[in-house]
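Following this line, the structures themselves.
The following pair of complexes shares a single chain, chain A, combined with chain B in the former and chain C in the latter.
Presenting the complex of A and B:
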């Protein structure tokens, strides 16, 4: 088992290495796109920050100069890329706070939310998907499929409001909104994160249940399952030890994609539950045209996407020996 | 074998009927099949594609695919009637009856090592320790003549050739010394040289372990010298049944005769073979009508064949056939040309 584990980490490191080039390309492309898009969208940060367009022209001009906005777009772009290369993401136009610090503060709540939601989604979808597959065509299957369709088709904010109503307003078990850092009060932190995580977890479970159900049904029809049965292996072991193990391959792929989707789901969820995460940071600063902050936040999200991808890749290699050998040779 | 008379047969199938589809509108794919395999004996189940060989075998092992059901019949393993679709069948599989399947490429779990799959079969017997199971797994791989067995335990199926995978399947099937081994076209997916090796292996190991063999094949040429008895299926029904030697030298049923005429002689260079004219009947369309299932393709067909279904009846010593015109006289060979 420990050999397997160390093998796993070696694979991850190697996969990450393979991905460095890809990472660089993705990051530069995203950076360029965000940079251009933000400047194409109408709205001047100075005017928005100033709040009025009746400001003294001289004041406006000096502010623009201070922020570097008087230079040409190409100049701004080159300076920005150069600064990023040395780890300087710039300062907020509004508060002057370093962007890296703003992102550093916003990252933990978002990551916690994403991980909790993913864990809830996976923990719900494996047993439900397997149960539906084993009883395909029965009332149990129909019930689970209905749950899954509701999860997929209901907008997250509706799920959020329903959960808030049930657990916070009606049962008074959990807070309506807000955030407490984990290192300040772990219990309160979890109580505050429970509903947002459950919201996103249910959305994720909706998709993953379907994948699990379909994959297990497919795998149960495979020859190796019949072989396992022919050996006299107990049915539960046939299902979990053989069919589910193979169904894990498509499941992991989709779970990786869903993990990415969670990040965009986090924007809405963080707004509803007043969690100071990356999503909130982005939304607030888009409205303020605070270019450096938005750019930094988008890059952070893109970076997380690439990491998830590398992780899924590595996991896939651990789960599928056929890919492992193809890679080794 | 001296005790054939006193010992119950390893496998006795009586009037087995298998259907597919929703109840009420089932089509019958195995229709009243009966045969016995004595302890340590060998029976060949032959017939063209779609004749119901696999479904007969899967019914016995309780491994019928989803929409198939045993409609009626009696199956005895070592004299004891079993219900193959019951939960309790699980503990009989691998011990009382084991199966080697047709396609070794898909029969093994692609994400589990050979060793894990073999050890899983061995440890169905819960008393076996992990260590003892590993030792037995190596032994089994050596028995099926896989070199460097200990090392090969950690290999995955995709690292093995088709022939080697089939050897692994045989090792798995024999892991718990089953009374009956069902081999469903075990060599169809393999090249000719490998076919011979695999059949020899099955032959040797069944003898060694004292397992009775139910060999399914559509290649009647494989049967001679390997099996004692033969049972010819067509459209889910038994056409002819008897000792291999008599059936092959003097087929009593025109269908058996047709199958045998289609065997390429080993010593001659024959540029073409005589196939049986027409398409194999889908069993689904048979069963209800009062006609002989083979009538539409039979070269000897008479009026009665379209109106009366012939029952299986003795036509010679130990030989039964289901044909109105099967001859009981030794030496008579039905002529198809």
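Presenting the complex of A and C:
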């Protein structure tokens, strides 16, 4: 027993070690790619800042020097990587603010929005997906599938504007846009987050309903379901206790991908609703060519993706004993 | 409601059809709701804040915040003539020496005296900043007494006062600057109308009234009227407009032209529009064919139907641009704008004659680069159609603004359509765009005779003489046609109808200290 246990821990530690090495490789690759890509794209941060207001060459050169852009690309790259190794993500070219602070401020709204949207998406998609699967081919199924298709194919900005017109302009129940930190005023925070979370939640639900429906239909055709039914197990237990449980694997995979999309900053939704999250931080600074901020933000997103993937992997093991055993043996 | 703040009336369509037009002077000197003290407003702004360090190259929104927090020695009023700011008066004792008297007893919001020592300190920082080159002619700044100082220049510096009115010549609290170090751009402190309370660059800037500010309105009441001003970042134009309608914000920092007509029809909202000092225009590359031939450049200028573009592209908010001196400028010649070279309507016969002179009766082809902003894209297409009338075949190359600026700065284009915010003093326009060594002369236009007139105009002693010389220079510029002017865009802001007192000077600066707000 103890030998098996220690073997198990060794496996876990080795898996974790492999993960860390993978993480390092992913991060360095992403860092290098984003650094190079940003500089290949046309556009000069100094020129874009202030546009044509002052293009006096002396002013431009002075600003360029202050931003460290007069150095060679290789030099900038080495300095940046070196600083990152000691935890310094650099400063915004535009404002001089530390990148780590900008990302730190942008994370809470994005995480909150992502989690709220995910909860809405999952809460809607499980009952709807199961209902559609159980009544496959009926009008209920058609209705739910239509909802799903609309959710998937309507651009978020259309959903957002429709929700704003309804809830903010017409009914005057919720604010049009803006953000209040949760620790400042929880109620106002939720009022401001409701519409953006619903927007993203509907899109997410659209995707997840389809997955849930398809998987449950597949599972309901399996032999074990027939066996269970023939043993006289209650139908709701057959569906929720067996079919849905087994349908969870593909569902969790797709939900994980969706979570990655949501938690890495929903650029359009954050822009429309003026939420100062990661997506807004990225798009603003891509437009401004504020290299260090974009680099930092992209790395943060990559990191979130890696974390979510690891989390989904762990979840597999909980959901499917076969994966757990395969790993331990 | 439609309110017009300048002496000009809008020639565009729509404007005349919309409700009452309030004259400019009434707005300027007698706020409609006799100076309501107190209250606060929320201004919706379209982008996040960067640095508020006045001595850095910063964005337009950033310096709009700065001018509400920091004072300059010189200001300019609606007539665009230099007026007292922190400096109460000045005299030029000789060509190279200027002596300034400061307002007595002004203190920064941190309690530091805004005296001649603070001014000298600020100058040191200006000359270490990105805009040092603008003040390269300053030899020394000498403190004479706490309220008096002298600026010595190495050579004549006739535009000194104009430069001192720019946000990059802001006066700051030395103590606050020393204490903040690199962080001054996040918490700038000086003696301006408002003091900064908090800055969350991606969501909100809050400033509150500086109760000790020296500014007074025409009746002697202390400015600013408002207790606090919140600048809230709302990056999406549509949402920002909706937020104004629901009352979540009270003031829209910039109203996109496409949304202007619907706003003008809303009785709860006041739209303020004023022609800017800027242009929407096309650069010619004057050293490369086909535009190395002046006749070809003139032909393009003459073939443009400016009024048609104003009506179609700007929804009647902009006016035809007939030359570099815009109607807002003190140098504008209303009787003969642009020396009469072009009009609002095209002159296709004259354009064909110029083409014939260049030996291109059958026209020619060229590529026009333009930014993919909706308005400029539409303008590029209109120009393409209009130039086709005289056989000029235009290929459009729409690009993201960053890429366009790369082309521009490298003088890598044949024709390039762009816009410009303008400058309040013609010296900064002509010297930059049309002098052969000018900073914005990206089309490499050169006319030595014009250079001489530009230099004379910059140094002429009185505003009348300067205006006459700039008109002479303008006529020469139009003959040389280094650019093709299309429209003078307007600065359009929208506000809730209980917000009054905003003075739209068309210089893209939001001065919050004259704004009042009545509850209702």
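To be clear about the criterion, the second predicted complex is superposed on the first by the 297 of 329 C-alpha atoms of A that agree within 3 Å, B and C clash if a C-alpha of one lies under 4 Å from a C-alpha of the other, contacts with A are read in each partner's own complex, and residues count from 1 in each chain.
Just so it is clear, a residue touches a chain if its C-beta (ideal position, glycine included) is under 8 Å from a C-beta of that chain, and two chains touch if they have at least 3 such contacts.
Please read all numbers here as calculations on a predicted model, not as lab measurements.
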| item | value |
| --- | --- |
| Touched partner set for A:42, first chain B, second chain C, both or neither | second |
| Which superposed partner A:321 touches (first chain B, second chain C, both, neither) | first |
| Touching partner for A:94 - first (chain B), second (chain C), both, neither | second |
| Most chain A residues touched (candidates chain B, chain C) | C |
| Touching partner for A:57 - first (chain B), second (chain C), both, neither | second |
| Contacts of A:69 with chain B and chain C, given as first, second, both or neither | neither |
| Which superposed partner A:307 touches (first chain B, second chain C, both, neither) | neither |
| In the complex with chain C, residue positions of chain A that touch it | 41-44, 46-60, 62-63, 66, 92, 94-97, 102, 105-106, 161, 164-165, 168-169, 172, 175-179, 271-274, 276, 280-281, 284, 287-289 |
| Complex contacts: residues of chain C adjacent to chain A | 47-51, 53, 56-60, 129-134, 136, 182, 185-186, 200-203, 232-236, 238-240, 242-243, 245-246, 248, 399-403, 405-406, 408-409, 418-421, 432, 439-440, 442 |
| Chain B residues touching chain A - in the complex, by the definition given at the top | 61, 63, 65-66, 90-95, 98-99, 101, 103, 106-113, 117, 120-121, 124, 156, 158-159, 169, 172-173, 175-176 |
| Residue numbers on chain A that touch chain B, as the complex places them | 221-224, 226-235, 241-242, 245-246, 249, 319-322, 325 |
